Amino acid sequence: MATLTRAISRFPVPALEELPEDIRARILKVQEKSGFIPNVFLVLARRPDEFRAFFAYHDALMETTEKTEKTEKPGGLSKAEREMIVVATSAINQCQYCVVAHGAILRIRAKDPLVADDVAVNYRKADITPRQKAMLDFAMKVALEAYAVDEQEFATLRQHGFTDEDAWDIAAIAAFFGMSNRIANVTTTRANDEFYTMGR
Amino acid sequence: MATLTRAISRFPVPALEELPEDIRARILKVQEKSGFIPNVFLVLARRPDEFRAFFAYHDALMETTEKTEKTEKPGGLSKAEREMIVVATSAINQCQYCVVAHGAILRIRAKDPLVADDVAVNYRKADITPRQKAMLDFAMKVALEAYAVDEQEFATLRQHGFTDEDAWDIAAIAAFFGMSNRIANVTTTRANDEFYTMGR
Amino acid sequence: MATLTRAISRFPVPALEELPEDIRARILKVQEKSGFIPNVFLVLARRPDEFRAFFAYHDALMETTEKTEKTEKPGGLSKAEREMIVVATSAINQCQYCVVAHGAILRIRAKDPLVADDVAVNYRKADITPRQKAMLDFAMKVALEAYAVDEQEFATLRQHGFTDEDAWDIAAIAAFFGMSNRIANVTTTRANDEFYTMGR
Amino acid sequence: MATLTRAISRFPVPALEELPEDIRARILKVQEKSGFIPNVFLVLARRPDEFRAFFAYHDALMETTEKTEKTEKPGGLSKAEREMIVVATSAINQCQYCVVAHGAILRIRAKDPLVADDVAVNYRKADITPRQKAMLDFAMKVALEAYAVDEQEFATLRQHGFTDEDAWDIAAIAAFFGMSNRIANVTTTRANDEFYTMGR
Amino acid sequence: MATLTRAISRFPVPALEELPEDIRARILKVQEKSGFIPNVFLVLARRPDEFRAFFAYHDALMETTEKTEKTEKPGGLSKAEREMIVVATSAINQCQYCVVAHGAILRIRAKDPLVADDVAVNYRKADITPRQKAMLDFAMKVALEAYAVDEQEFATLRQHGFTDEDAWDIAAIAAFFGMSNRIANVTTTRANDEFYTMGR
Amino acid sequence: MATLTRAISRFPVPALEELPEDIRARILKVQEKSGFIPNVFLVLARRPDEFRAFFAYHDALMETTEKTEKTEKPGGLSKAEREMIVVATSAINQCQYCVVAHGAILRIRAKDPLVADDVAVNYRKADITPRQKAMLDFAMKVALEAYAVDEQEFATLRQHGFTDEDAWDIAAIAAFFGMSNRIANVTTTRANDEFYTMGR
C-alpha cells in the first residue's frame, strides 16, 4: 500500500508563489508554527475569497484566547471541547481530513493521547464527562437533524451548565465543520501524514 | 393563527445602533435595496466576527456578476441556478428561513413564479432542464452523503456540460447552505413576511 | 424555464367528453367552484372506479360541514387543521401536487397567507399552536413509522385535548394522503398554476 | 401466551345490528364466503363512509375477473401477483393484519403454501420469477421513496413485459395498502386466527 | 411457481459422506430428531471449522436445559423467549431461513401457533407480555443501533425483572443471529419446506 | 480527562485464577505474545462456552497461515485485508474496542501506519487498491443491508479477481465482527491503551 502516491486533493493545488500575498502569509505562518502546511490550506487557496471567509469563520468559532473582555463568546467551551465537537461531527460525516487533523489537535489540547480515537469511533463510550457527552449529543442532533432541535435540547444543555451562548457555539461549530467535511470529501482532501501521530 | 406574534429568532436580536459600523452599514445597504432587513442579518449580527465571515463566504459563492475577467469561478452556473441549489438543499434540511427567503430570490432571478415551490418540494418533478436536475442530484449527494461522492459523480456532471470548477461551486453552495440551514434551525430564525410573496 | 411545456401527468389524460356522466359532473362542478379543473381530477378520471373511490374517501375524511348531527367524526379537527395534516404529510413524502394544491387550500381555510409554506418546510418552526404541533407530530409518526404507534401517542394527543376519534382522523388523513402522494409522484401529476398564488 | 385475550382492535367495534344495511350486507356476504368475518371489516365499519370508500377502492384495484371487455386494467397482473404486492408492501410497513390476512389469500391464489412467508420476509430470496421480483422492486420503491420514481423505473418494468398500465396498478396497490397498513397499525387491528393456516 | 426448483443455497453443498466425522454425526443426530436436515447444517458444513464454532456458539446461547447448577446463564429467559428474540431479529434483518425455521421452533416452544408470525411482522402488536416487548425492544436496539445502548436500556430491562445477565443473553442472541442472518442472506440459504407448517 | 478511571467493561471481569484451565491458558498465551491481555478476552471469559465458540470462530475466519494444503479457505484475502474488513465494519457499527484494537493489528499486518485510520473514517478515500475498495463495498453491503445482496455483488467481486470463496470470507468476517461489535458495545468493552499506538 505504501507505494501508492498520496495526492493532496483531486483538484489541482496552486503553487505558493501564485497566491495573493495575504493568503501566502497566512500559510507561511501556519507552516512556521506547525512545521508543515496542513493540506486544507493548499486546497482552499485556489479560491482566495473562499479561503479568506473559511478561515475567518474558523477562527471566529475556534480561537477563543485572543478574545478581549467584551467577547462574543462566553467562553463556556474549552478549546479541547471545541475540538471534540469537530472530531465527533467529522466522524459522523466520515471526513478523513477533519477526523485525522482535528484528532491530532484534540489530543494536544486535551493533553490526552486516547480521547480523539474514542470520540471519533463512538463518543458515547469515550472517557469524557457527562457534560461533554451532552455537548456531543447536541452536536450530533445539529449535524443529523437540526430541523428537530427545539427547546428541550436547550433545557438539557442548561442542566449540564451550558448557556444559550454555549449552545450557539456548539451548533455553529457542528454546522461549520459539517460544511468543511462536505468540501473535504468532495475535493478528496487528504490529511498530512504528520497529523496521524501528533499528540499520541 | 394570525394572532401569534412572530419572533425573529429564539435568540435576542441586537439593536442597529449597538452594532459595529461595518455591520450596520451592510445591513442598511441591504435594507435600502430590499425595502426591509432580512432577519438572518439581525440574527447573525450579535456575533460580528461570524457575521462578517458568513457574508463574505456567501458573497464568494453567490455573487458572480462583480467578478473580473480572471475570476475564481468559471461562471458555469447562473445566479438562478445557484439559488436552485440553495432551495433544494434547504428543503431537504427543512430550513424554513432559507427555503422561503431564497425561494423568493430564485423566483426573481429565474423570472419564474413557480419554480421555487417545485424545487423545494421535489426538484425531480420540477420544470427544470435535465442539466439542472443533474446539478441538484449532485447537490443532494453532497448534502446527504458527501462521503460517498467519487469520480462517478464528476463524470455524470461532465456529461451535462459541467466542469470540475462547476462541481466545486455546486458542492460549496450545498455545503455552505447546509451550515446556514443548521444555524437557522437552531436559532429558529424566521423568514420575513415579505419573502413569501416576492416574485410570484 | 418558462418555455418548457408543463404536462399534467406522464399518463395520458382523458377528454371530458369521454368520461362517465357522474365523473364528468363532479369535474364540472369543481371547475365551476374553483374556476379551473385541478389536475388530479383529470389524472384519476381515466380510472373511473378508482376516481370514485378516491374522492369518496377524500370527502369522508376532509368534508365535515355537511355532516349531520350523528356524525362519524366528532369534529375535533377544523378544516384548516385537516389541511395542515395534508400539507405536512405531503411535504415529508415530497409530493409536488399535494403540497402546492393543498397549501393553497390551507391558506384559504386558515385565512393565513404564510402558514402553508411554514408547515411544508418544517412544521416544528411554524406559527401554529402546541396542540397543532402535537397533531402534526402524530401525523408524521403515522406517515413514517406507523408500526411503532402505541398507547403513548394516544396519551400525548389526549393531553392536548384530542379524543381517540380525532386520533383516527389524523391517522386516516395522513394515511390517505400518503397514498395520494405516492400515486401523484408515480404519475408525475403537476399542480395547476392557479394554486401557487391562491390565498397569498 | 394463549391466555391473553385477543382484541380485534384498540378501537371499539360496532355490533352488526347497528350498521347501515349496505355495510351489514357486505359483511354478511364475506362471512358466508369465508366462514368468518375478517376483522378489518368490523374495525372500519364504525366509519361507514370510510368503509364504503375503502372497499370500493380495494375492489377497483384487486378484483379483476368481474371486468368486462373494455376494462380499465389491462390485466397484466394476475390476482396472485396483486396479492404478492400487498404482502411485500405490508411486510415492509410491518402491518400484522395485512401480512397475515393477505398472506393467506396469496397462498390460495398462487396455490403455493410457501410463497407468502417468503415474500413477507425477503421477496428477493423468494421462489418467484425475475419478472415478479421486478414488480416487487417497483412496489418497494413506491412504498419507500415514491418521490424518486422516474422514467428509469418504467423502462425496467417494460423490459419485464409490464405496460404503463401495469405500472399504475402496481403503484396504486402499493400505495393503497400503504394506507391500509398505517390505519391497521394505528387501530391495532388484529388478524383473525383463521388466516394463519389458510392455504398451507 | 411450484415448478421452480428450490436450491438449498447459491453455494454448493457437500455430500454427507465427505464430511468430517464429528460434523456428520451432529447432522445425523439432528436429522434423527427432526426427521429432516435443516439446510443451514448443510450450507455451513463445507466450512467445518466455521460449522463447529457456529453451532457451539448457538448451543451456548440457546440450549439452557443441559446447564448444571452453576450455570453461566441465570435462566431468566425461557427457551421460547430466546426464540422470540431470534425471530424478531431475523425479521428486521429480512432473513428468510431464520424467520421460517426459528418461527417453527418458536411455535413449538411457546405452544402457540400464532406467535411466530406476529413477532416476525411487528412484535409491538403481538400477543406477548409487556416484559417480552421490553426484551424485544432491547434486542432491536442491539440489532439496529448497538452503539447507542447505554445504562438507560439496562434500567428499563430491570424494571421488567431482567438482570444484567439476562441483558447479556438478549444482546448476545440478537448479535449472534444478526451474524447468522447476514450469512444466510449472502449464501441464499433457503428454509426447508417442513418448517413452514411445523407447530401450526 | 486523564483522571477518569477506565473500566474494562460495564460487566464484572473474572480473575484469571477462577477461569477454566483451557481459557486461562489461551489468555496467558496471548499475554505472552502481546505483552498484555486484550480486554475482550477478559470480558468474554466470564462466559466460558461463549468464549470458546467466539475465539474458535474468530480463528477460523482470521487465521490463515496455520492452514494446511487442503484448506477451507482459498487464501484469496491476505491477513491485512481481513483486518481491513474488520476495521471498516467496526467503524460503521461504531465499536470503539474493535476499531482501536483491530486498527492496531491492521497497521502491523499492512506495515502501514496510516491505513487503519483512513479505513476507519472513510475507506472510499483511503490509499487502498480498487480491488480492496470493492472488497469493502461488499463488506459494507453485508453489514448494512445483507438482505439485498444478490448475484450482482458476486459479479462485481469477480471483476476484481475475487472468487465465491473469497466472497464467503468477506461476508463471514463482516458478519462475525458485526456480532462482536454489538457485544462490545452492549458490554462497553474498552480497548487497552496499548492498542492506540501499536504499529504507528
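We call the chains A, B, C, D, E and F, going by the order they appear; numbering starts again at 1 in every chain.
Here is the rule we use: a contact is a pair of C-beta atoms (placed from the backbone, for glycine too) under 8 Å apart; a residue touches a chain by one contact, two chains touch by 3 or more.
Please read these numbers as outputs of a predicted model, since none were measured by experiment.
Student: Can you name the chains that touch chain B as well as chain D?
Tutor: Of all the chains present, those in contact with both chain B and chain D are C, F.
Student: Could the interface between the copies chain A and chain F be described as same, meaning over half of its residue numbers are common to both, or is it different?
Tutor: Counting which numbers both chains contribute, over half are shared, so the two copies meet through the same residues.
Student: Between C-E and D-E, which chain pair is linked by more C-beta pairs in contact?
Tutor: It is D-E, judged by the count of C-beta pairs in contact.
Student: At what distance in angstrom does the C-alpha mean of chain E lie from that of chain B?
Tutor: 51
Student: For chain A and chain C, let me know how many angstrom lie between their CA-based centres, rounded off.
Tutor: 44
Student: Report, in whole Å, the distance between the mean C-alpha point of chain C and the mean C-alpha point of chain D.
Tutor: For chain C versus chain D, the centre distance works out to 23 Å.
Student: Would you mind listing the residues of chain D that make contact with two or more other chains?
Tutor: 94-95, 122, 125, 147, 185
Student: Every touching chain pair, please?
Tutor: Pairwise, the chains that meet the contact rule are A-B, A-C, A-E, A-F, B-C, B-D, B-F, C-D, C-E, D-E, D-F, E-F.
Student: Could you please specify the touching residues of chain A with respect to chain C in the complex?
Tutor: These residues of chain A touch chain C: 147-148, 150.
Student: Which residues of chain A touch chain F in their complex?
Tutor: Residues in contact with chain F: 1-2, 4, 6, 90-91, 94-96, 99-100, 103, 110-115, 117-118, 120-122, 125-129, 185, 188, 190, 193, 196-197, 200.
Student: Can you tell me which positions in chain C touch chain A when the two form their complex?
Tutor: Within the complex, chain C contacts chain A at residues 122, 124-125.
Student: Could you list, by residue number, the parts of chain C that touch chain D in their complex?
Tutor: 10-11, 46-50, 52-54, 56-57, 59-61, 72, 93-95, 142-143, 146-147, 149, 151, 164, 167-168, 171-172, 174-176, 178-183, 185-187
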